[in-house]
Amino acid sequence: MAVRLRTLAERYGLELVGDGDVEIDGVCTLANGRAGGISFLANPHYRRHLSQTAASAVIVAEADASDLSTPGLVAQDPYVAYARVAAEFVPAPDAQGSIHARAVIDEGASLGAGVSVAAGAVVAAGARLGDGVSVGANAVIGRDVSIGAQTQLGPNVTLEEGVVIGARCRLHPGVVVGSRGFGLAMDAGRWIEVPQLGTVRVGDDVEIGANTTIDRGAVEDTVIGDDVKIDNLVQIAHNVRIGDHSALAAKVGIAGSSTIGSYCMLGGAVGVAGHLEITDKVMITGMTLVTRSIREPGTYSSGWPVATSGEWRKQVARLRRLGKLEDRVKQLESGA
Amino acid sequence: MAVRLRTLAERYGLELVGDGDVEIDGVCTLANGRAGGISFLANPHYRRHLSQTAASAVIVAEADASDLSTPGLVAQDPYVAYARVAAEFVPAPDAQGSIHARAVIDEGASLGAGVSVAAGAVVAAGARLGDGVSVGANAVIGRDVSIGAQTQLGPNVTLEEGVVIGARCRLHPGVVVGSRGFGLAMDAGRWIEVPQLGTVRVGDDVEIGANTTIDRGAVEDTVIGDDVKIDNLVQIAHNVRIGDHSALAAKVGIAGSSTIGSYCMLGGAVGVAGHLEITDKVMITGMTLVTRSIREPGTYSSGWPVATSGEWRKQVARLRRLGKLEDRVKQLESGA
Amino acid sequence: MAVRLRTLAERYGLELVGDGDVEIDGVCTLANGRAGGISFLANPHYRRHLSQTAASAVIVAEADASDLSTPGLVAQDPYVAYARVAAEFVPAPDAQGSIHARAVIDEGASLGAGVSVAAGAVVAAGARLGDGVSVGANAVIGRDVSIGAQTQLGPNVTLEEGVVIGARCRLHPGVVVGSRGFGLAMDAGRWIEVPQLGTVRVGDDVEIGANTTIDRGAVEDTVIGDDVKIDNLVQIAHNVRIGDHSALAAKVGIAGSSTIGSYCMLGGAVGVAGHLEITDKVMITGMTLVTRSIREPGTYSSGWPVATSGEWRKQVARLRRLGKLEDRVKQLESGA
């Protein structure tokens, strides 16, 4: 499945530099280039590899084209162009439209054209799977779940009753959508459950990472917008709303009823407390603790950066002495 | 399945205000009220919606009863009353007592009356399932596991060998109970496994959230008390003990051999180091780092709250200069 | 299955103290000793139990041998010796070499001698399982996955296409290896996927904890070295490399393309940002935020330790005032 560089240039509207007849059969990094591989330069950190790469071709921005030591493709955004070109080399998926004999599909489920259901998957009554949906092995689709066209569910995914998933989504293995929200009331010294009568509605083109969990709403629904991208092991509590095009890195947690705007980016393990509002276009760096609403777009952070343990202990002690230090300064001021 | 407001008042011992003939067919929020919906006011933040809600009825505390613009129910604790009333509208579960033809149940397992086992679930020899237990699709119950009456296991749950689960528990999808504790010893530059010979004992009325993991004990058992409520993606290490009625929010992690008292509440992503003791009635706010035992009831916190990234960088720099600032103050004092 | 203490001494090359005829049938703690149980003393914190334990025997270091109140075994490293002795009492695994009738194994998969596949497990075409591999119930093995001899996969594990797992590994329930890396490029206001064309290569003797996720590489592979030990709910992003003999506690997250050296130990919930390098023999305490490379072996920390919420709020306020405090000190200095 090799393709000539010239063909790639034409197919993706990129400017060809050098020998267009070189054959490309896959991707490689600049540092570990190889004959047949195409690479890209997007992060300036790796520019030093450009002059000596063993790759057969490199995708670069115009500014870097003169530094090419190999044939190349010039793109306005080399990373976007690389993403398109690399898709040429993704292995073909399993044959579409096959229902495995060991899948368990209730008679009351409705399946569109070209739906695939792998071995051991269980599809309950009332579930509606759009055209081209694929369900991984041992995934479990609850009653009355609705799944839009071309959406792919990985192995061991669980969708609980009534969940709505849009078109062209990807749910990776172990994802749970629609589990009971953590709604509890204390009554005479014991917890009683607050029924969680909402569901989860996931938009189109959403990616949900492995073992991520999204709880159903208490009264109204938990809502994930279109083109939202969620990494692994993320927790999204009941009645959270996430705006279109936002991206959440791994291990993020959003507590109940908080709202995240559109085009937000949350770094790994960011925690957002409950009942907050984060406006559009907010970027939050990894492990930040968010305990208040954020109403202005921009970049936000918190967290105590790593030190040697000895220095850290001193920092902690100083922080604890800070009240006394303030008193000492006040004393000096009053004495002045 | 509508019910008159008067009927709800009588059934739950609540005081009726206004028209008792109004028919209620579900729940709604105050802000998005609708005809047929019953709502509640527990959080004063939402009081402003009370006068203009489109809900058909609202559950309120006595102090708010005079502000009702709709029929209502007056309760000592409106949230508790709401939890009871809302349970009227929970969809009926699947028929009890059915064993799916595609479930795999070892001959050596024993099942009580009315046990349900869904498609693809696997129940090993020696497992004992109490009356009315339900096992979700593709769940896996290991050898000699014991499950109390009326407990519900979601899809894709795994219970490892010998685990003991109480009555009326709910384990949500993807939960793992009884995996090997992380016990290792370094020997001549290589890790060797320390056998984990304890198990996990979970009390009655315990909820365990989606994809949460609870490890088996090393020598003795890991123990979860009665009426403990655990949210999603929580990690409970070997030999942890959690007292009755405690609640752990999502992403909490408790390291090995630590003990949490009764009626504790741990916020999201709280981390408790190993071999600590947290006494009863301790509340810990989200993302707190707990590196020492807590011997007094109360509310505890830590964490660096969010700022703009620019301000955060300045805060970090100031923290790092704090030792020098102390020196400068000392210098001033000695000069005074 | 009792064994005489003398036999254990001989079998593991340990020095016998006292009555070698005492029969040992399992393990116990010092605090909750019992007849027939063998315990150990490794943590000085528990020395106070040594004189009054009801255990039948105790494994101790030479320095503690004179304090034994029971028969004992003297070891250079009592914890390592205990790990070996305790292995005597691990229940025998299920019969090896059985393929359950309800397992689904593609004709194009190749299975070594003595492979076990439990009910509901699914093994795809091209998968190669080495001798003695065991696959848990409802686990899913993707196309062209390779698994080394004697490796054990728990229930509900998912290995995606092409993943390579070494020999003698243990993957606990719910583990996902080889899910798509979180590679995205923003193009004209929408996310496009960057194909993840690498895979995951896991070495020999690796343990991976319950519900942990390890993503496949973007261009090259994600690589886990030999004898690496990973706890539950850990996230390892695309193109991470972890050196031999390192151990990662629960809830650790390593962002894309970061490298962890050999013999590193990361405490619970440590977060490592992307594109960093951590050298060999680095220990990082729990919940530390690592935003820079670490080039010197040693122990590293960060994090704001727990306080009462009242004191914490004061600490936060003081931190926020720290810039002003610096100004005040400067003012005093200039006035001096």
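Some observations on this one:
So that you can tell them apart, the chains are marked A, B and C in the order they are listed, and the count of residues begins at 1 in each.
In the analysis below, contacts are C-beta pairs under 8 Å (C-beta built on N, C-alpha and C of every residue); 3 or more make two chains touch, one makes a residue touch a chain.
Chain identities (UniProt): A, B, C = UDP-3-O-acylglucosamine N-acyltransferase.
In this text the structure is predicted, and so the values were computed from the model without any measurement.
Between subunit B and subunit C the CA-based rotation angle works out to 120°, given as a multiple of 5. For the self-contact between subunit A and subunit B, the two sides draw on mostly distinct residue numbers; the shared fraction is below half. If each chain is reduced to the centroid of its CA atoms, subunit A and subunit B end up 25 Å from each other. The set of subunit A residues that touch two or more partner chains comprises 120, 138, 156, 174, 211, 233, 251, 269, 303-305, 319, 322, 325, 329, 332.
Against subunit B, in their complex, subunit C makes its touches with residues 26-29, 32, 39, 45, 77, 79-80, 82-84, 86-87, 89-91, 94, 100, 102, 118-120, 136-138, 154-156, 170, 172-174, 205, 207, 209-211, 227, 229, 231-233, 245, 247, 249-251, 267-269, 286-287, 303-309, 312-313, 316, 319-320, 322-323, 325-326, 329, 332-333, 336. Note for the complex: subunit C touches subunit A at residues 104, 120, 122, 138, 140, 142-143, 156, 158, 160-161, 174, 176, 179-180, 182-187, 189-195, 197, 211, 213, 215, 219-220, 233, 235, 237, 251, 253, 255, 269, 271, 273, 275, 284-285, 288-292, 294, 298-305, 314-315, 318-319, 321-322, 325, 328-329, 332, 335.
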